Amino acid sequence: MVLEMKVPHGTGFVALQPLIPVFLSYVLSFVYIGIYWNNHHHLMHAARHVNGPILWANLHLLFWLSLIPFATGWMGENHFAPWPVALYGTVLLFAGTAYFILTKTLIARHGNDSTLATSIGGDVKGKMSLAAYAAAILLSFAQPWIACALYVLVAIMWLAPDRRIEHAMTE
Amino acid sequence: MVLEMKVPHGTGFVALQPLIPVFLSYVLSFVYIGIYWNNHHHLMHAARHVNGPILWANLHLLFWLSLIPFATGWMGENHFAPWPVALYGTVLLFAGTAYFILTKTLIARHGNDSTLATSIGGDVKGKMSLAAYAAAILLSFAQPWIACALYVLVAIMWLAPDRRIEHAMTE
Amino acid sequence: MVLEMKVPHGTGFVALQPLIPVFLSYVLSFVYIGIYWNNHHHLMHAARHVNGPILWANLHLLFWLSLIPFATGWMGENHFAPWPVALYGTVLLFAGTAYFILTKTLIARHGNDSTLATSIGGDVKGKMSLAAYAAAILLSFAQPWIACALYVLVAIMWLAPDRRIEHAMTE
Amino acid sequence: MVLEMKVPHGTGFVALQPLIPVFLSYVLSFVYIGIYWNNHHHLMHAARHVNGPILWANLHLLFWLSLIPFATGWMGENHFAPWPVALYGTVLLFAGTAYFILTKTLIARHGNDSTLATSIGGDVKGKMSLAAYAAAILLSFAQPWIACALYVLVAIMWLAPDRRIEHAMTE
């Protein structure tokens, strides 16, 4: 796991209090990385063929995910200030777009009638997430907490049981 | 391995002395992570089916385990002071509970008559560990060293050869 | 992923500006590590036999790749100054040479008529890269930006679809 | 890879000079971890059965290997001073002993007539290494450079092609 929290210097409970925003952003990012990890695992498991564009689309996704610890640390250490919250949303937006591109390169290789294409479907959840991230970035400068609430809502949407994945796994 | 010890500045043996509590908490956490690693490996190896709840129960366990380095560092650098020792126990308590939930979601998917359910059994060790962690958290504020002794005892209990696992492996 | 960016202290957009060169060198190194990761994966997948020299040639390659984060950090934090840019090129030159040695030990084990030897071929791209790194190291002291442009050009050359790899994968 | 080098603050070649001992100890530890990685890989690959003692012997070995980055950093940053050089040898001695114990638990499980037991044989190299580490620890306080020379010699002895491993791999 790439996420990390710095050990505080004090001994008492008071030393932990300034870490609360750091911990909250840690939890949020842990959930996001977990969602990507699970979904990515299923996506790659369903893939029958790999080609150059798929490999690079995959690396492109990993690039944006690799920036999550940086965005998490900046947001947590600055108590969810506007710019850090906007940057966090930007990284999520690019990661979500990269995931979308990865599904498109996979469908292009497997065909529109493939099981993989059918299981991805219209990807309403993916598109809704991108719209939510974009809205959250703009809202960061007005009310950063609304932006954070949007990040939490998107995460909950993905945590809820997904029939498509359940179905793919039982086959 | 996620555990880490900072390199001291001095050159002599004296420079290592303040690291003794850091090293002791490092050893304890290494053993705990090793126990989880082994048990988790066997549990997942015995699993025949996976579903959404199992994946999230697994991620939930990983979340609490990912906090062990933080709790270890805080406890070691503060020479086993009350609050850090209590936090360490809290992380162990949540990790143990997460492991318990994971076994329950696995049994729910495989059925009470499955080999997996039989090999987990009544899980007396798991329940005793949770009770010991809870007691240790309370004792941290009176006598932190008794709490630490409890953490060590639980670790030894798990290190002792487990007939269930041995049995499962020979099959 | 071993690459890392330190979280800045300020809260505003201004705090991110000094990170621009750090981010640029991060992107460049991410792409290079990605290229090595993909190519190495295909090379090892195509290998039918392994012996001592192959194992050590592989470890030799990993050694130089393990220095990329260090060279990346030094180059980014010093805004592409001559010596850091030259060191970056030196690490790339040694990594490229190590990859070349690895292909030679693999061909020596599999024979000149093997599929592996044929798919590696004359390795014009590999030799051109080594020449570009060597030129870039010398140019670092005159115009570090020309050296950086060479690093980017080599990366683009490797990112472009490679018919050899595509071909090997479809088989 | 767990080994790491801190990025220096200066821009010129002079900034790299104090890193020379850090780099030398980095190279030495990289080679040692590589040797353990290769040998451990072959040992585990040759194992047909696993039991509790083997798992714990394996974890015991990982514990001592996990301390190598700490010992490496302390030795490199203190320019091979007596105590750090002695600590480095101590970690190598315990890691070597842990590897020896692991081979014994593996032989106990597979029998003295097993292919695994035959391929390990009398383990002269392993015993010679332990003796060299013990001698180096004592020599650290008189002449640390002789201790370092011993560490290098042991590493070279393991890097030299090993007929046992070659033989095991071709089978």
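Should a chain be cited, it is by its letter among A, B, C and D, assigned in written order, with residues numbered from 1 in that chain.
In this section, a contact is a pair of C-beta atoms (placed from the backbone, for glycine too) under 8 Å apart; a residue touches a chain by one contact, two chains touch by 3 or more.
Because the structure is predicted, anything quoted here is derived from the model rather than measured.
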Per Cα centroids, the chain farthest from chain B: C
Mean-CA-position distance for chain C and chain B (Å): 39
Cα-centroid distance, chain A relative to chain B, in whole angstrom: 28
Residues of chain D touching at least two other chains: none
Touch-based graph of the chains, sorted into line, ring, star, complete or other: ring
Of all residues in chain D, those that touch chain C in their complex: 1, 3-5, 7-8, 11-13, 15-16, 27, 30, 34, 37-38, 159, 161-162, 165-166, 169-170
Chain A residues touching chain C - in the complex, by the definition given at the top: 2, 50-53, 55-56, 59, 62-63, 66-67, 69-70, 73-74, 77-78, 81, 83-84, 87
